[in-house]
């Protein structure tokens, strides 16, 4: 192991687009950092703010929520509700002084393996300089 | 009761084992609470691999299983059936995706292994809390609805009907036939479009299993796969088709003339009309929008001359309700709006035509009886310029996509033009020529070699009138020279776009559209004829631009898919649906608001789930402030524990 | 021992106590609370009451009992965590809060001696400050056997005589502290003594609020368990935890295992304050809740303080600091409630 | 200026006519100037009713109690409860209606218009009187408050001791009521989110240290939750055990209780608690300011909710508590909702 800080990112991926997109990245053997721990949910609309707070609370250095592009939602409109909810959560976290880079949302379709790879690369690149997330982390 | 989970780690040859230390994963997982068995094997999905699982379940009497292997989209079903054969409920198996989401995307063995362990642990945490569930069984109404009476709809309807299922075929215009019936001859064989289509149309009208509803529109759809309830609006034609003898007396007396849709305005028609001679059903329709008026009857001449009293001004719109098991959507296409193509003078100059208008000119039954004459002065055009990709492949200004059929029909147009006007010259401006398809490339070559069609690679910048000629400014990118042609006629291969009203229809059906407004298929490769809503299928150009053979093929595919539903006694629906804790529910109704499937409702102050409608998306559970609703087997508790496991907790 | 300490030399004295953890009231925004002091000069003793009593120092809201983790051999590795070994001095303790600690002592000793509580209790020296003027409008210490200059539970009582403090050392611990800095102190003159008595006498007159015939209340309460009285009194209660968390005598706690990781198992066992006004306080896992509503919870609070505790330890479990009155979000006034209790049915 | 006698008249009428089972209003406290909630059951008690600048409480919170009580009763009195509400409080009723927690005919609303003034901030008041005790605070003409202390009566410009929320008020008269006291006068508040700016303008790290210092004070007495009319969940995320347990709840189900937040008052846990509260109140908080008022540790909780209120307004043009028929903020969306933050 290098002593370089390796952020731990929890990624909530919707089953139909983003998770499929990450599968495509795999099938196409696109390499990206291993810092992301994917949790596949049915729809980005099912990601409760509690999941996000809890992930930070349990020590995540970053949290990603990724869903289908507007209009592409397998469930027609789940991602629109997600978009609203996540916007509020993001504003709130920034308001209490959490680095905005630590919480991000992306649209990744089943065909966008490349984009998924890019999103992860950027995410890791952006939060490495921030160091570990200790603000909301439960100190055990 | 203590949980007994078995963990099975797949090498997938070196696909996984190449970058993930499978042995370490196996060993680490064996220490995880709730895990009583952990082993690895080179190919878990192989028969011996599956047998390992079955044996372990029996020997260690496991009640839960995770398989760490490839994406669940591939082998989840395989392994769920495996444990089923060993007597476990299928939902007691979960897949940890350590290939697509791990071994294939990482190089560093140590890190990849660490990640694979976390993914597997979190999957264990999930399966530990999985309920055993049985599929929800629902009855099937063994009738199909086909929306759209074009070639695709006709094909689907006939396939279904001939397999002995009742079909309701809904067409919004007065006759079936769609765009194909407007065409002259079809590439690459140049057989007459009407000659090959009309037999099918007649078969539809005569078929005992087909209930044909023309001049009708789907108004509302409720229910779910196997059990749709469809409201169809039957617009009044004011003509009783049973009485009408097609004597055509009415049109002679009708004082109104309006552009004829069938000829795309190249000819006129009366307010009372039959779209075209071979129309099915063979009857007249009174177009209320152009008729002087019925309330009060302003004219009534048609009725006066109608011998059989077929005309009934009191005809009212009807709402007809049908019970349906499966739906095929074949709503077809329309041409790109000419208003958006001002630079080519379409709509401004009478001799700038679109593809379909030119088809009519070519058609023996067309306005000119198959002669190529300029609409403006009925002279024979000697120089005709065909422009491809009008509105297509133009992400900046128009449609990003390729309309696919234009290359071929333009070649056909040019060829047929030459067959009519031997001393004429046809020019074709193109970007690329896409002639993939059986006999297509040969067809294009024929146009060039035998009929001397002049292909110019490049785009036309402007078309304008100049001394009675249509000046066409373009550029030939091959020789890099500007080109100016004085044409007698210009034919635009307009982009193909979803038919008017497709969006509204999609909303009614609750099926998704793609970014271009075509109906979205469930999977671009593996489920090309299914919509995202189960029980609804796609056929023809409604899903993407298609030529006739493709449309017919997809139509038959959709029919087959529909049959696979209709032929069953009962259907089974995934039981991973939302579930309400009525002790916590306060009946605020937020879940009802967000449910995309109207699966939720309030029953005496508490939310209630219609398990058959619910697709388990979980948006309700994220919305609920009281944590009173959650989706089975992906509950907040499970996610909470997965987060924990992912973060080494 | 009795001494005089000029205000100038006060900080000199405190400097001499570097071997101790020093606590004193500190003002943040408009809020006074006890905090650890690094700069002796920063200590101010002209403060109204602190929001939280010194209870929080002796009996912190969160206390780690032990750490556990799965060991290589089967079973758990358990490590007890005791409060750190460091004597402490708390300045500016209000006499009522000191009495409160003597009451709480009763609870943590007896058949079982709570090591965590006593470790802190024994290594902490309480230096009181006479309330020349009441720190709160709602003080009623006189009604509950207290006084603004009570010495109970204190090691030293300081009384502000204007430019100097009158120091009354009441225990060995107290004497030790003074002996650490003999030269800071002077012998009291007769006049000082006179001033002291005056101020003490005067301080009692300043207490405006009181409960008459409080002695009658315990007996009266015995008969009131099943009366509609509590429903009425609790109508405006919102069931928050302010009254009990701020109360210097309330001492209920909960013990939880805070699991950091389930595989390998690792975590802490912690004690946190708990609160009889919370619905989950008496909730059984069966779903049955013996105190199902706020009226039964308000009743519990009153009965515990003015009946049960009296029966057990011959003392009210209330020192009249008035915190629960001043800070109640809906103005529930324990004095008013007790007055009504006293006059109930007569 | 609203005359309390008018309120009393109406109160007596509806009690005498048996229109309501009781009236929730304000009466004088026994320990000073501030008012306390009053539950008036008979026309005789009506004389206790008061209306003055100390009537800060949002009484709608007690409608939650009332609903629970009613649920427990065998054959409950179905008559409505009379309740005195200010403009802000009325918005709470609208949200409760929107969430179908109460029905319109469960309440008889005696609305009071604050007109151009409002209610006071107790902390500002005691600062103003530096420690002196107010015996009485009254509305005076020209938006002054008349304050009576031991040494006489003084006049203070209302704005100096008005509650923050009143200075930023967007609903100075009840949008919904059965009878209205006072005038429906315009109360211009061009900067409804002004107080937020002093935190928003801070740097990220400053914001963090501000909130850390504030939330570290939290002793988890849950007064903020308990006083909030919108915090009516049977089980709160911070509760460690199930409340909604019935005879047929299995041990399995009880074990399902998720410990999102530890009981320990640690930075991380306090943050999660208050973040969850803020997000759950997004689009529901109507800025009655009660959470902040009751906090014994003076945590400026209102800012958290105010921030959400601001974002709801600016991102989604959503206002809570004005229309009982609109869907909740997070149970609807617009196609044009902003997504510039999404990759």
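Some notes on this structure:
The letters A, B, C and D name the chains in turn, as written, and every chain counts its residues from 1.
In this text, a contact is a pair of C-beta atoms (placed from the backbone, for glycine too) under 8 Å apart; a residue touches a chain by one contact, two chains touch by 3 or more.
It should be emphasised that the depicted structure is a prediction, and the values quoted were computed from it without experimental measurement.
The chain closest to the protein's centre is A, with centres computed as averages of CA atoms.
For the pairs A-D and B-D, the larger set of C-beta contacts lies at A-D.
As a whole-number value, the distance joining the C-alpha centres of chain A and chain D reads 35 Å. Rounded to a whole number, the gap between the C-alpha centres of chain B and chain D is 52 angstrom.
Distance between chain A and chain B, defined via averaged C-alpha coordinates, is recorded as 31 Å.
Residue positions of chain B touching 2 or more other chains, listed in rising order: 594, 623, 636, 640, 644, 648-649.
Residue positions of chain C touching 2 or more other chains, listed in rising order: 258, 260-261. Multi-chain contact residues of chain D, defined as those touching 2 or more other chains: 237, 245-246, 249, 260, 262, 266, 330-331. Residues 28-31, 48, 51-52, 61-62, 137-138, 209, 235-236, 238-242, 245-246, 254, 256, 258, 270, 272-273, 275, 278-280, 283, 285-287, 293-294, 325-327, 329-333, 335-336 of chain C are the ones touching chain D in the complex.
On the side of chain D, the complex with chain B involves touching residues 99-101, 232-235, 237, 244-246, 249, 256, 258, 260, 280, 327-328, 330-332. Listing the residues of chain D that touch chain A in their complex gives 199-200, 204-212, 237, 260-262, 266-269, 271-272, 275-276, 278-279, 282, 304, 307-308, 311-312, 315-316, 329-331, 333, 335, 337-339, 341-343. Partner chain B is touched in their complex by these residues of chain C: 260-265.
Here chain A touches chain B in the complex through residues 1, 6, 8, 10, 19-20, 22-27, 29-32, 34, 37-43, 45-51, 54-55, 58-60, 69, 71-78, 81-82, 85, 110-111, 117, going by the rule given at the top.
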